[in-house]
Amino acid sequence: MKKKVAIVGSSGYSGEELVGLLLRHPHVDLVAVTSRQNAGQTLAQIFPKFASHPKSKALRFAEPNAELLAKQADVVFLALPHGVAAEYAVPLLQGGCMVIDLSADFRLKSAEIYKEFYAHDHPAPDLLATSVYGLPEIHRDQIKQATLIASPGCYPTSILLPTIPLVKAKLVNPHSIIADSLSGVSGAGRKAEPDYLFVECHESVRPYGVPKHRHLSEIEEQLSLAAGTKITIQFTPHLIPANRGILTTLYLAPTEHFADAAGAARLGEKIAACYRASYGHEPFVRLLEGQALPDTKNVVGTNVIEIGWRLDPRTGRLIVMSAEDNLVKGASGQAVQSMNILCGFAETAGFM
Amino acid sequence: MKKKVAIVGSSGYSGEELVGLLLRHPHVDLVAVTSRQNAGQTLAQIFPKFASHPKSKALRFAEPNAELLAKQADVVFLALPHGVAAEYAVPLLQGGCMVIDLSADFRLKSAEIYKEFYAHDHPAPDLLATSVYGLPEIHRDQIKQATLIASPGCYPTSILLPTIPLVKAKLVNPHSIIADSLSGVSGAGRKAEPDYLFVECHESVRPYGVPKHRHLSEIEEQLSLAAGTKITIQFTPHLIPANRGILTTLYLAPTEHFADAAGAARLGEKIAACYRASYGHEPFVRLLEGQALPDTKNVVGTNVIEIGWRLDPRTGRLIVMSAEDNLVKGASGQAVQSMNILCGFAETAGFM
Amino acid sequence: MKKKVAIVGSSGYSGEELVGLLLRHPHVDLVAVTSRQNAGQTLAQIFPKFASHPKSKALRFAEPNAELLAKQADVVFLALPHGVAAEYAVPLLQGGCMVIDLSADFRLKSAEIYKEFYAHDHPAPDLLATSVYGLPEIHRDQIKQATLIASPGCYPTSILLPTIPLVKAKLVNPHSIIADSLSGVSGAGRKAEPDYLFVECHESVRPYGVPKHRHLSEIEEQLSLAAGTKITIQFTPHLIPANRGILTTLYLAPTEHFADAAGAARLGEKIAACYRASYGHEPFVRLLEGQALPDTKNVVGTNVIEIGWRLDPRTGRLIVMSAEDNLVKGASGQAVQSMNILCGFAETAGFM
Amino acid sequence: MKKKVAIVGSSGYSGEELVGLLLRHPHVDLVAVTSRQNAGQTLAQIFPKFASHPKSKALRFAEPNAELLAKQADVVFLALPHGVAAEYAVPLLQGGCMVIDLSADFRLKSAEIYKEFYAHDHPAPDLLATSVYGLPEIHRDQIKQATLIASPGCYPTSILLPTIPLVKAKLVNPHSIIADSLSGVSGAGRKAEPDYLFVECHESVRPYGVPKHRHLSEIEEQLSLAAGTKITIQFTPHLIPANRGILTTLYLAPTEHFADAAGAARLGEKIAACYRASYGHEPFVRLLEGQALPDTKNVVGTNVIEIGWRLDPRTGRLIVMSAEDNLVKGASGQAVQSMNILCGFAETAGFM
């Protein structure tokens, strides 16, 4: 028996990616997609690249209607701007659906921090206590029991997966973290703004949102949880002329001092062991070995995050680098991974 | 009276850029270009984009011959791989030429550090004492007197210009510097290697040379000179799918503590004053104001470096960002700027 | 029971794409991959993007050995340069394998035309009589019976599928065909040549191989077969700064005259009917409707070819446009489609 | 004495390019720039890449005011959408200015054809008789005498310069012309529309405006003038993932029959002689020789158009290919070239 799934707000890049993943998924049946701007049109008309899928000509975008969706679907994905998702989450949960939200609305435990970073009151603060942060490699057990999953942001995934094991194992000082991230332009969404025009992005590399990007709120809350103490980090996002992919370079201070190759080798064994213990059996984490360093082209189109690292005996620092597809492991793929856990499917179902 | 100039090794990207700059320069006459692989061919044949310049069909690449060049030219630019430049510099200097070297051969004062980073003995260690590091905004007076100028590397320029004034003014801890740099692919040179094929770079973002890139040697030597103490820094280069441009993000620890907006404002005034005093009248340094952040597309094709910065009261750090064209301010433009100083031309001659 | 498949020559872009398609295919077991340059290494080492597939760490590249392969595999794909494939095809066929060749070696019926276009004698002319041109939409019945399939080139696929139905139906004059094609850089293969460096291709658009590209030989042979008369066409390929995709624009002279909207409408119905009859049920041909025109981004990563067309009453011409992924429908996807037919699998098995 | 020049509507890509060209021009003084949306801001604020020019911080965008401009400037450039330019041209001409219009408003002699292609009545039909089509290589003598110059479109320039000499010399049948053009995305202007977002253009190649693009009107009028008979052509524009550049491939039927290499050689001499006679001394036309074919990367940033050609003895056709920078020779550079002629400057003044 296939699960019935629906997507609310499926006209952006994450929504489109989600449509593709769910159309191909062997254990679910995509029964509804909603979009105000595309209402009445078929999937094939709006997303020509899915036009060869049998369902694309039959399934039409509908006006979003939470009550109707609650009757149609077992699991509903929300791919909406922050501040809007709550309005659907409440009635869908009441209607008995499992909800997987790709927005920022339920990622924080604190409504105050939400207000600080998103500049408006949280629309459904009561739900913050029950929502689960949908990073499967960290919160798999909670995801299994959840009814409301807040799927993580793209930058947070690229930063949290490489750092949480090190922080938990106290191998690095959690107060020292610097994250320098490079994102393809799809991360900005399908917004018709001059900044994201082809000519403005091609042959351009630029930082933005310095020094206080919204994603800091969820990164710091999750890191604080892992460290058992309040963590503040440095984070600089950059826009890169690629469609997809996030490459994050992390600068970390190991708790163990080293100043030569021998010291680096000793500490390196502990780091390698920590990562192996945390992710050695994870299907979507690829720990790089030998000379390999992460490269977005090796993960684009997949739900995999690559992690590589180097110790620098000249400075005593640990450099950790990760690469992921911002629309897959950084958004829709991770949401489907959570759905697989929630529904009891194989965690890799629907990913080839 | 125009100065006669020549270029040795003009088949790479820096050499090509240099040809263009010198063809357009109002006060020089390009009298010779050499290239083993292109010997006998005209500039127009090898560089079609200069084919409309009157000189391009007359000037042919010659086999490099230092004695002949010494008779032909007043100033000779060397655009050769490291380890090879010295072989030309010695006879050219003896022949009475002024030499501007774009390779790494004469950038360091220490032949030992050269050997550590370049893995071979320095080919002409005696010249290290007399060569001048050609960063005009820092060493203009020495450049005026020089006969051998070692023009800086692309990454070093993007890191040194933003940091040296702060280090000299003791506004930042010089031992704290982290430089995260993103470079367009022309920085790798015109090398027919698989890593730099279009398909391998397009839709790819990747770090490389972690943690000990060769450019660290000159960066650290120049910073140590500015700080009056030995400095080691953290540096991570990344390859970005653009032809040109380097964007560097620097993470610095101010010597003055601040933890709120008021403290940031006070320190910010000192930083702004420091940069204004250092670069306020520099024709090729653009200090960004207001909301503006550096963007490579604003400097590509120019000899300008953009510098912007932000203080982060949450972390107490200073983030400085710079953007330059790696082939112009990061290589050939800077070499021409040094030539202008050396020859007593207006420093902006030949640009714009 | 899964079929056992092998790939000879799997280090190029088509070979890599084929590895991915066969790893994901539900009815085959990839038992061997060969590559002289990568012998001894695992799939995971050479193609990091497949490193998360369970088989990628077990399967190692072997030196190519036709006798051994004939024992290991039921179906062998050859992804080799032209002139080399024959050397493997002969022993593999003798050993009882089915062979699917992605090179140009067995696409022509005439060894003379092969020599004219490829500048060397055909290495196994006897096989030309039995090989089948693997364009499933045109030669499906022959493919079912074949032992040696010559999978078509990328440009030919983009030209033949849109034109053959019109030529067969005598709706266009087959002697009038002009094909203007635009290809992403992966079409040039993974060759470390200066022309295909990132910097030489990015911000560059250029024709090449004008006026006699090798692919003309197979295009004209197939069109001649369809027309029942010897056809010569005009074909201009261009290199475009994209990784993947071919967009072909065809200029055709309809046999029926029209000079106004009414005439265009009448003829348009015949053209639409012709395409519907030919491709209306084809899973990998998408006939565009309404205002839609082909766009490579809608087919990249899929085995689909998009076809759109317009009649121009001002000139009396028919413009047909197609878009495909040069590495999938233009190479490896089509080869797998042929394998599906040959082995009696669902034709869409392993896609989507 | 420098000429005083102004630009009306300088916020688009052509306007920006024009600002750069006029700031660098040795014989003109840019006295005014207008833009409704940018009024009050400096050039440096809107176009950071010009921020190092001394004038960029002094010159502010003004609201457009034709009467005021007529007092300020000798020459006024209009970089406005079609339909709007006329409203400024009339008072500026009355005020004694020379006007160079980059829009389509004054390119046609026929107000009817204007209405057919632009879907509104011509706003100032009386001026059509006096305006001069600003293609210097064809209409240089008329440009010298003009007061109103209609600078050609980007596609028309890339098609007309290669074809007019052949049509005038009756070397090709003017009724046979097919023009297949590929344009970088800046040709679409700085429009915040989804079709021109980075993600929608990168890794996309697509035709558009098939079969009746607006530029056909001026192309056909100019070709008809050259041929002495009414000409209709086939024209297909395509959007290519590059910032700049147009590559046009033309398919032409020579009037002289040839079917072998000897015939091609004979005809080839006539074609070469025709092009040499027409363009051998033109500073901005580069006739390619030997194996060279046009490549947009060789002309981007210059006012040069490259022209190459091949005769195909297999089909009897002539293939002519051209490359230009759509914003320079295809727009603002050509307008400045016309200004140079009009003002009696060296025609190459301001270009390198």
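Letters are used for the chains, namely A, B, C and D, taken in the order the chains are written, and counting of residues starts over at 1 for each.
The criterion applied here is as follows: a contact is a pair of C-beta atoms (placed from the backbone, for glycine too) under 8 Å apart; a residue touches a chain by one contact, two chains touch by 3 or more.
Quick caveat, the model's predicted, so the values are computed rather than measured.
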A-B compared against B-C, more contacting pairs: A-B
Longest centre-to-centre distance from chain A, chain (CA-based): D
Rounded Å distance, chain A centre to chain C centre (Cα mean): 37
Mean-CA-position distance for chain B and chain A (Å): 38
Centre-to-centre distance between chain C and chain B (centres being mean Cα positions), rounded to whole Å: 47
Set of chain D residues in contact with two or more other chains: 200, 202-203, 241-243, 295, 297
Touching residues on chain A, where the partner in the complex is chain C: 23-24, 48-49, 51-53, 203, 283-284, 286, 292, 295, 297-299, 301-302, 304, 306, 352
List of chain A residues in touch with chain D within their complex: 13, 185-186, 190-194, 196-203, 241-243
For the chain A and chain B complex, residues of the former touching the latter: 178, 180, 182, 184, 200, 202-208, 210-212, 232-234, 236, 238, 240-245, 247, 249, 251, 293-297, 300, 310-312, 314-315, 317, 319, 321, 323
